[in-house]
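First subunit A sits with subunit B, and in the next complex the same chain sits with subunit C.
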Partner chain A sequence: MSTLTLRQEPPERLDFLHVNPLSLSGLSEAEAARLPIGTSRRGLTLGDVFAISLDGSDSLTIEGGSSRFDSVGASLSGGSIRVVGDVGQRLGAGMASGAVTVTGSAGPYAGSGAKGGTITIEGDAGDHAGGAVYAAKAGLDGATLVIRGSAGDYLGDRMRRGLILVGSAGAHAGSRMIAGTIAALSVGDHPGYGMRRGTILAGGHGALSPSFVETGTHDLVFLRLLARSLRALSPAHADLAAGALKRYSGDLATLGKGELWVTAA
Partner chain B sequence: MADLTLNGIPVIDTFAEAFDVAGTALIITNDTAKWAMIAAVTMTGFATSVIGCGAEAGIDCELSPEETPDGRPGVRVLLFGFEPNGLKDQLLKRVGQCILTCPGTACYAGVDGPHKIKLGGAIRYFGDGFAVAKRLTDPGSGKARRYWRVPVMDGEFLCEDFVRAVDGAVGGGNLLFLGRNHAETLKVAEIAVDAARSVADVILPFPGGIVRSGSKVGARTKGMMASTNDAYCPTLKGRAGSELAAEVGVVLEIVIDGLTSRSVAESMRAALHASTEAGAAHGLVAVTAGNYGGNLGRHHYHLKDLLSKEPASEAGAA
Partner chain C sequence: MAAWVKGGAVDVSAAVEAAATLLATAKTPIVTGLSADTSAVRAAYHLAGLIGASVDPAGGDGLYAELGPLSQFGNLNTTPAEAIGRADAVLVVGLRPWDRPIVQEIASSAPVRGRAAGSERTLLSLGGPGNGATRHVAYPADTGGLAVSVAHLRAYVKGNLSGEAAFADLARRLTTAQYGVVLYDAAELGELGVEMLQGLVRDLNDLTRFFALSISDGFQGRAVTQLASWTTGQPPRVGFGRDLPEHDPWRFDSARQVAAGEVDAALWLAAIPAPRPDWLGSLPTIAIVGEGSPEATGDVADIVIAVGVPGETAGGALWNERRAAITYSPPVGQPADLTAAGVLAAIQDRLTQKKGVSC
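== the complex of A and B ==
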């Protein structure tokens, strides 16, 4: 396992787009130390910020995190990255496969455009987790995003496929969803605002948009499959899917093929 | 002509001739085993012969809730056709008319293989634009599977996006039971069917697994592709070409299709042993097998290779 150990809090935001097990695998520690990761004219390199220990394996641990670590695991195409601490924005953005784990919290746009693999945030996530960045066609695009704590507003905004599993989410979770699944123990106001397709499963919720209509309680095979697929990631979410649920259909202001499942009172 | 015996019953030293076919498997689930079986029986109806019915289909086994993707009771059915395209046609018709229509039923791929057959992706058009797809991780394999959810009057019909057809499926393994009277010979054939069905990945597509109208290729009537197997018709005994001894009054056949050549061979082996074990008590005269001289089918299952309880090596090779 290769390790990067943070020497001290970085003086600026850092870009980790090109720091992953694959890119480091062919480099010596001296070569890796010269990789540019700074985002200012200061010209910071990996070696300026981290003590580097490489063994050529496909797993990388970053000891010591910071909310200034941007794009950690972005475009990852295999292997695993584990951050002991916090990260900044765009965690795992656009990743294709592999696993990224953060023991702390993440900034905004975690998992944006991620097509495959699993992103796990043990703490909280900022706004737009699994959401689309400005001008992007889609947010989460097939990957699995697990947020053990809470997520900010606009969770899964414009997500296209994949699964977001979250403890609690803020307002507008699943807004403008193209498709995919969000499972949350609770969501804030207006979940699924403008969603076209997709599934939001929520234990509790805030105010619902008036363009969602209740379709009643249904014992659907789909819910059984959903519960079984969630079980390995979170028994609490699986229990939620397996429990008594009420279904809302929406957003009828758009395509209206989405659904919101909430705990039946 | 009989120079082999098993459990005291003569076994003719011949072979069953079988063919390469396209095969697939479906898992049908429902809230109750009863309704899963109703769907499976309906879906595999009128599927005795690929020539006349378009496909040969049957029930492989019942599945417990632990063995199905959605945790409900299920039934695994097998479907065979000449080639994957013909199979697709039959699959769509049968799922569309018999599974989609059956209350509470869901439908999943039941086998892995190299040929992809679009199923839910085609059935979804019944949903008139209201159907949605859902990709979920299968906890068993860890792989994502895509399902279509078609709104229907009892909720939703859930159907896997596509199923797979296997290479190496075999159709036409068979045994013929030469008996003295109808009731006793039918009993022997029933025992053989039960034994044959105990092997996984096979079906016996004829009524109750048994066929009484064995056929030969061609006919005296112009244009007929196949006609009655006159050599084994007891009312034609004594004529030139009859294969029946004087004491034979009834011949019944079982036909076996399988996803693999090995499963067909093992099913035949089980049927041969069970039928001969019971044979003496039921007046069984001999057991033989049907073939077309060995020129039409690639798979030849020699009965002499099936006399041992366990396979010596890969049976059923050409």
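== the complex of A and C ==
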């Protein structure tokens, strides 16, 4: 296992787009130390910020995190990255496969555009987790995003495929969803604003948009399959899917083929 | 004309020297405001490129509320002249547009061109004032706010909701218009709301002719967007820390950067008066402000330089709200000695001399 050990809090935001097991596998420690990761005219390199230990394996541990670590695991195409601490924006953005785990919290846009693999945030996530960045066609796009704590607003904004599992989410969870599934123990106000298709499963919720309409309670095979698929990730979410649920259809302002499942009172 | 360094009055060359000294040692500076004529904004981008700064205009959040949907679907927009000349139904969304002269101009005229020529004009309001000097039909917003209200209305326009609700009546008025216009403020409506509103306009165009018209921010944001596009190839919020302009609306949000302690120096350009940033005074700052404005005092920033106000005491190319274009505005009366573009160029020249590089 290769390890990067943080020397001290970086003086600026750092870009980890080109720091992953694959890119480090062919480098000596001296070569890796010269990789540019700074975002200012300081010209910071990997060796300026981290003590580096490489073994050529497909797993990388970053010991010591910071909310200034951007794009950790972005475009990852295999292997695993584990961050002991926090990270900044765009965690695992655009990744194709592999696993990224953060023991602390993540900034905004975690999992944006991620097509495969699993992203796990053991703490909280910022706004737009699984959401689209500016001008991007889609947010989460096939990957699995697990947030054990809470997520900010706009969770899964414009997500297209995949699964987001979260403890609690802020306002506008699932806004502009194209497709995919969000499972949350609770969501804030106006979940699914502008959603076209997709599924939001929520234990509790804030105010609902008037362009969602209740369509009754149902016992569907789909819900049992969903519960089964969630159990390995979170028994609490699986129990939610297996319980009595009420269905809302929306957003009728758009295509209206989305569905919001909430616990039946 | 006046300049100050650390609160003390100095001549302009001393202020320029102090500004160049501050920026020469900065590692993560920001250039903000950009409330100025296009020559000054262009000079600000060039200076930012020289020192590796990031750039953020005063009305950044509102600009991106408009640019986000534009980047996804395109917008169906019209101009003030077309709205005034052709529209037989105008829906004003929110409160902020009512402060602009165009509402009164719309209210006091009737369509004279196109398919609705000769018709009466109906002025409608969603989430605006219930009554006032202007005659209009008012529809209150939902408790969820403007964006939720627009979605609610769109569901009626699409026929996915029906009934005798107020929004059903508003939807009927919109769909039966011959040429409709929706007037809104993107900053008030927010990105989700703007995207929903543009979707509403697209839906209405399946039935009749309908366009959107958003009011500008008053701080030259529209002109900055165009200038940023032709200067950097990107929307306004870019950073030059790695030489080439990188666009990132979240990372280069100046308020966020300052709050996160990521900035070591700032240049605030407000030759046309703009709201003071909350962070002013919390970090070393150069303020280039309009002469005679409340900000033209020595205690606003470490270094303050007062310059001519474009369109008043200086000429300059500015966003023309009425014509929806950048046009030249001559000075009114005797022009000021200093322009913002001139001061920025002087700072850049001095920096270049200090760094011993050519640009």
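What to note about this one:
In the analysis below, the second predicted complex is superposed on the first by the 265 of 265 C-alpha atoms of A that agree within 3 Å, B and C clash if a C-alpha of one lies under 4 Å from a C-alpha of the other, contacts with A are read in each partner's own complex, and residues count from 1 in each chain.
Methods note: a residue touches a chain if its C-beta (ideal position, glycine included) is under 8 Å from a C-beta of that chain, and two chains touch if they have at least 3 such contacts.
Just so you know, these numbers come straight off a predicted model, no measurement behind them.
Partners subunit B and subunit C, once the complexes are superposed on subunit A, both fit on it without clashing. Geometry note, superposition on chain A: angle between subunit B and subunit C about the Cα centre of subunit A is 130 degrees, to the nearest 10.
Of the two partner chains placed by the overlay, only subunit B lies in contact with A:R197; subunit C stays clear of it. By the touch criterion defined above, A:R161 lies against subunit B but remains apart from subunit C after alignment on the C-alpha atoms of chain A.
When subunit A is checked against subunit B and against subunit C, the one touching more of its residues turns out to be C.
Judged by the touch definition given at the top, the superposed model places A:R148 against neither subunit B nor subunit C. Using the contact criterion defined above for the overlaid structures, shared-chain residue A:R231 touches subunit B, although it does not reach subunit C. When the shared chain is aligned, no partner comes close enough to touch A:H18: not subunit B, not subunit C. With both structures placed on the common chain, the touch criterion links A:L220 to subunit B but leaves subunit C unconnected. When the two structures are aligned on their common chain, the gap between the nearest CA atoms of subunit B and subunit C comes to 14 Å. Common to the subunit B and subunit C interfaces on subunit A is no residue.
On the subunit C side of its complex with subunit A, the touching residues are 27-28, 51-52, 64, 67-68, 71-72, 142-144, 147-148, 150-152, 154-155, 158, 160-161, 192, 195-196, 199-200, 235, 239, 241-242, 247-251, 260, 262. Interface residues of subunit A, counted against subunit C in their complex, comprise 11-13, 38-42, 67-68, 70, 89, 108-109, 133-135, 137, 172, 175-176, 189-190, 193-194, 207, 209-211, 213, 251-254, 256. The part of subunit B that touches subunit A in the complex is made up of residues 29, 69-72, 106, 130, 132-139, 147, 149, 155-156, 158.
Taken together, the subunit A residues at the contact with subunit B in this complex read 144, 161, 163, 179, 181, 197, 199, 218-222, 224-226, 228-229, 231-232, 257.
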